[in-house]
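Both complexes shown next keep subunit A, but they swap its partner, so subunit B is in the first and subunit C is in the second.
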Partner chain A sequence: MIDFQILIDNFNEYPYLIKLAWVVSAILGALIILLTVYLKFVRTILRKKEANSLEFRKEYEALLIEYLYSGTEEGGISEIQKNIIEELKKHVTVKSKRKVIISVLYKLMNEVSGEVTDALKVLYKNTGLMHYALIKINSKKWHVKAKGIGELTKFKIESVQEKIEQLLVHPVREVRKEAHLYFVNLFYFEGLNFLDIIKTPLSEWDQIQILEILQKSNDQEICDIKPWLQSKNETVVLFALKLAKVYNQYEVKDELMNMLSHNSKQVRIQVIEVLTHLYGIEAKDVLKANFTQLSLEEQISFFGLLEKLVIPDDEPFVEKHLFHKDFEIQLLALKILKSINIDKYLGLNKLPPSQKSLAMLKLENV
Partner chain B sequence: MDTSTVKIILQILHYLFFGYAFAAITSYIVLSILSGKETLKYLKKNSFVNYKDILSSTESPSITIIAPAYNESLNIVENVRSLLSNHYANYSVVIINDGSRDDSLEKLIESYDLEKIDYVVNEKLKTQPLRAGVFKSKNPAFEKLMVVDKENGGKADALNMGLNISKSKYVACIDVDCLLLEDALQKMIKPFLEVTDSKVIATGGVIRIANSCVIRGGKLIDVNLPKNLLVQSQILEYLRAFLLGRMAWSRLNGLLVISGAFGIFDKEIAIKVGGYDTNTVGEDMEIIVRMRRYMEEQGRKYKVSYIPDPLCWTEAPDTYKIFISQRNRWTRGTIETLKKHRKIGFNPKYGSFGLLSYPYWLIFERLAPIIEAVGIIYFTILVALKEVRWEFALTFLLLSYLFSVLFSIVAIYSEELTFHQYKKKGTGFKLVLLSALEPFVLHPFILYAAIRGNIDYYFNKKKKWGEMVRKGLSTVEA
Partner chain C sequence: MDRKKIVLAEDNSTLSLLLKFRLEKEGHELFMAADGKEALALIEEQLPDLIITDIMMPFISGLEVISHVRNKLELNVPIIVFSSAGQEEMVLKAFDLGANDFMGKPFSPNELVIRVKRQLN
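Right after this comes the complex of A and B.
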């Protein structure tokens, strides 16, 4: 007791700075001890959670497979299936268990098709899982909302489309994106109507995802993309161009020709690429005439088009650009010349080195 | 000078040291808070992302993995196999054999059935010339692979050759001995594709240490904590640096470095700025600073992104000699880059890049070892002169030690609550114990290496990369 008093007296004599440093040190020390002990607890919980999740997964996988194989021949719900639904109803009230059930259902949805998918949808609705997804989409937290939409998309729940329609213009990008994916997943090309109204940009990531969903669907009857090619939203235009290419939209060639003078360079480059893909031979003369006004990227794209659609009449134009300032164009011009007039191409070898382009010199050394 | 003047000078010096330490600690606290916020946002954002669509899409942008190799004969075949096992649809692998003197090329030719092809290199960036040429595989199973054999020019030169060869929009520059997880490319490409209001010029990922981990068929099977204390300490250091430091700088859009071990770049911008600088040993930092500088000077909105997923695993030095050599090089790289781009520092024209990122790196990265060394020398003099006020010295020593331990523990928590890679029982306690030991077993060597790096930079200009001996990761037969 006396020793403590001496320590306290000594402490009181220290300058304020030291006193403060000791107080902070004591707090830090206490925090270190607390966090060390708590870490053990956290790690144990995490391990336990993982083990439980594994165990639940096995249990639910077995249960759900049994569910899938015990349907009636008429496609209705059998007694066994009803019992399984009742059993699962008790489990979905626990968040951790619900998570595992959803993930097993996701996996099964990816592996099955047709009537079996319908059976899973019935289970999803009747166990109350859909109810929890609806709670999620009403959440104030954007990531919970987005997760909820994702879930309803996966199980193709059409009855909530009005609610999700309102989220197409949600201020958070992720929520909007999930809402877009919902409509595309459920209604394919018809679900693309949101492109008429969106004012926010559609990212490259979103575009790829939407295209992939469309390509995987059985419905390959594409709608009219012309209005989107004229959209004021540049990303919608870029997406429509992707659709034109993937779905070989020869009927929009005239629109594409008009778009060669679009305000956006990125759009113009992509238009040339789509025209190349669609054998847009008509574009050649227009681009040749404006060649010097084009940006370097457009010029390279145009030479890509020429490489595919060249005819002997193009020879003078190609020859003119054998000495273009850009190496890539020099190389493409040589390649094109070789394909239309091999003698002239071989004749270039006779030029003295000082009169050769960099591409010619490089080719010689290969 | 009379004694009172000396006293005043000493007093000022003390306050400067104190102020520096206080500012450093405050910055660490602020960075950890920002990093926590950014990590949480990232996890929320990606908790419902479907990466499968990007994987199979033919519309996904092309990526070229560029991996320079120099005398990597020991593991080159397995390493290339690992790079070829990525799940991304639209990618290719370009191995640049940078004038290796061993049989790397022969091994690659034999293992991957390579044949020489006619290939015209568009020399947008000046590099050392080709040696044996360009090779592609006759086996369609390896159609994504291309091997380029060139004269030795160093890592930066090899990467530049890769930039010349690549036909993709994006390039992933990696160390050939790194283990890339199968989903690495789709996760790393996402920031480039999802941003619409600015341009992402580069994305970096967390680098994890693979020593003692089990790898089978180019895949990471089991994560273990190594027995070697030096490697263990580096694991803790990496956790701090990547999970607490770089995530925060990513939030501030102030990242100045993306690890040379793994990063994805917008090829167009990388070439526009002149590619990698072959005259520096810190080419990974230098190219990021130059790309940022270019974007700032062009007045274009841009971002250097960063993702916290453990996607790239590498071998860390397990001897002090190699470790010191590596850190010496890192120090010289930092000095060279900051010196070369000194125009940016404290320059409002460069916005937060010039007023925040650059000054932070200069003050708390570049100058930190020098200030620490000066502090130690000064303290030693005071001890010799019996001028130390021990109650102050010991109190603040204890305080800084406790703070460093706590900071490491926060990094451990950050790892546990997010990616939880070290799952085995007892590892948590070992990591906490390491937090207490690390200031003694790692920090002094980092300080020594940094001081040596400064000395070498100013007095030994000829010193280049230094030694980095690889032993190879623990691979198990498939």
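Right after this comes the complex of A and C.
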């Protein structure tokens, strides 16, 4: 006690700054101790939670396997399956357990196909998990909404399409994207009807994802893409052009010809590329006639078309552009000339260097 | 029917359990490994009649498992590999290393049973 009094007296005699330093040190020291205890407490709780979730995962995995292999011969739900569903119904009311169940189902859905996935879908519906996904899509938080749609997509729940339809034009991009993917995943080409109504842009990544899903469809019979080629939404037009190319839509050639004078330069360039792919030889005369009015990118695309669809009659046109201001066009013109008239191409080598184009000089040094 | 020993190396515990149940129903004896390391230990210990392995696994990949079986243990046991979408190059490597068959995920367990039968016969 006396020692303690001496310490207090000594402390009182210290200059103000030293006193302050001691007080701050004491506070920080106490904080460190408190935080260490708190950290230990949090870690213990987290470990306990993890252990519980692992234990529940194991328990649930066993139940799931039992469920999958106890169906009736006719494909109906057996008594054992009904009991498992009833048991799981109790678990899904607890958020942490619901999370574990969903994650196990998700993982399995990614890895197996066929009759097992059908059984998983039935389980998802009957255990009430679908009900929680519907609560998610009604949430005000966009990320919860998007997650809910993703879940319904994964388990291919068709009965909620009217609800998802309302989210096709949601103000948040991620929600819209999930809604688009829902329709494409479930209905493939028929699910593309949302392209009729969307006014917001469809990003390049969204387009790639949709194309990838469409390629998984067993039915590769594509729907009519003409309305989308005339869409006011430029990204929809660009996507329709991708569809025309991937699915060889020769029947839209006339529409593509009209689109050579589209307002958007990007669309016009893409149209030339699609026509190249579809052997749109009719486009040659139109583009040749307007060549000087085309942008440089369109001119390059057109030379790409010529490279594939050239005939000997095109020689004067190609020759005329051997000295084009753009190096890429010079090079393409040389390449095309070589393919239709090798003698004339070789004759160009005899030109004096001062009369040669940059492409000719570069090729000489290759 | 002969009870054949099968080592199944798969890090998705639910899928492992599902396949174990399915293949045991066919009369086989299953040894489960959650990663490549465990798989190698089981293979050396059990000398199985068939190995089924995923390509992407913790610690030691499916490719390393195949390489170890063919080059170090010099076993001719048939090997079936699982691969996910986008792992086409890995599948080619697996065949180069000596895999006998492959199944792309997602796959049907019934199809796996048929492939297992074919390899064991």
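Criterion: the second predicted complex is superposed on the first by the 273 of 366 C-alpha atoms of A that agree within 3 Å, B and C clash if a C-alpha of one lies under 4 Å from a C-alpha of the other, contacts with A are read in each partner's own complex, and residues count from 1 in each chain.
Basically, a contact is a pair of C-beta atoms (placed from the backbone, for glycine too) under 8 Å apart; a residue touches a chain by one contact, two chains touch by 3 or more.
Only a predicted model underlies this, so the values are computations on that prediction, with no experimental measurement involved.
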Where does A:8 make contact in the superposed view: on subunit B (first), on subunit C (second), on both, or on neither?
-> neither
Which chain makes contact with more of the residues of subunit A, subunit B or else subunit C?
-> B
So, does A:23 touch the first partner subunit B, the second partner subunit C, both, or neither?
-> neither
May I ask you to decide whether A:351 touches subunit B, subunit C, both, or neither, giving the answer as first, second, both or neither?
-> neither
Is A:64 touching the first partner subunit B, the second partner subunit C, both, or neither of them?
-> second
Have a look at where A:39 lands relative to subunit B and subunit C in the superposition and call it first, second, both or neither.
-> first
Please indicate which partner A:112 is in contact with in the superposed arrangement: first for subunit B, second for subunit C, both, or neither.
-> second
Which of subunit B and subunit C A:104 touches, first, second, both or neither | second
In the complex, subunit A touches subunit B at residues 14, 17-18, 21-22, 24-25, 28-29, 31-32, 35-36, 39-40, 42-43, 46-47, 50, 142-143, 146-147, 150, 173-174, 178, 201-209, 211-213, 235, 242, 246, 327-328, 331, 359, 362-363, 366
In the complex, subunit B residues that touch subunit A = 44-45, 47-48, 50, 53-54, 56-57, 59-61, 118-124, 190, 192-197, 391-392, 395-396, 398-399, 402-403, 405-406, 409-410, 412-413, 416-417, 420, 423, 425, 428-429, 432
Per the touch rule, the subunit C residues reaching subunit A in their complex are 12-15, 17-18, 21-22, 25, 105-111
Touching subunit C in the complex: which residues of subunit A?
-> 57-58, 61-62, 64-65, 68-69, 104, 107-117
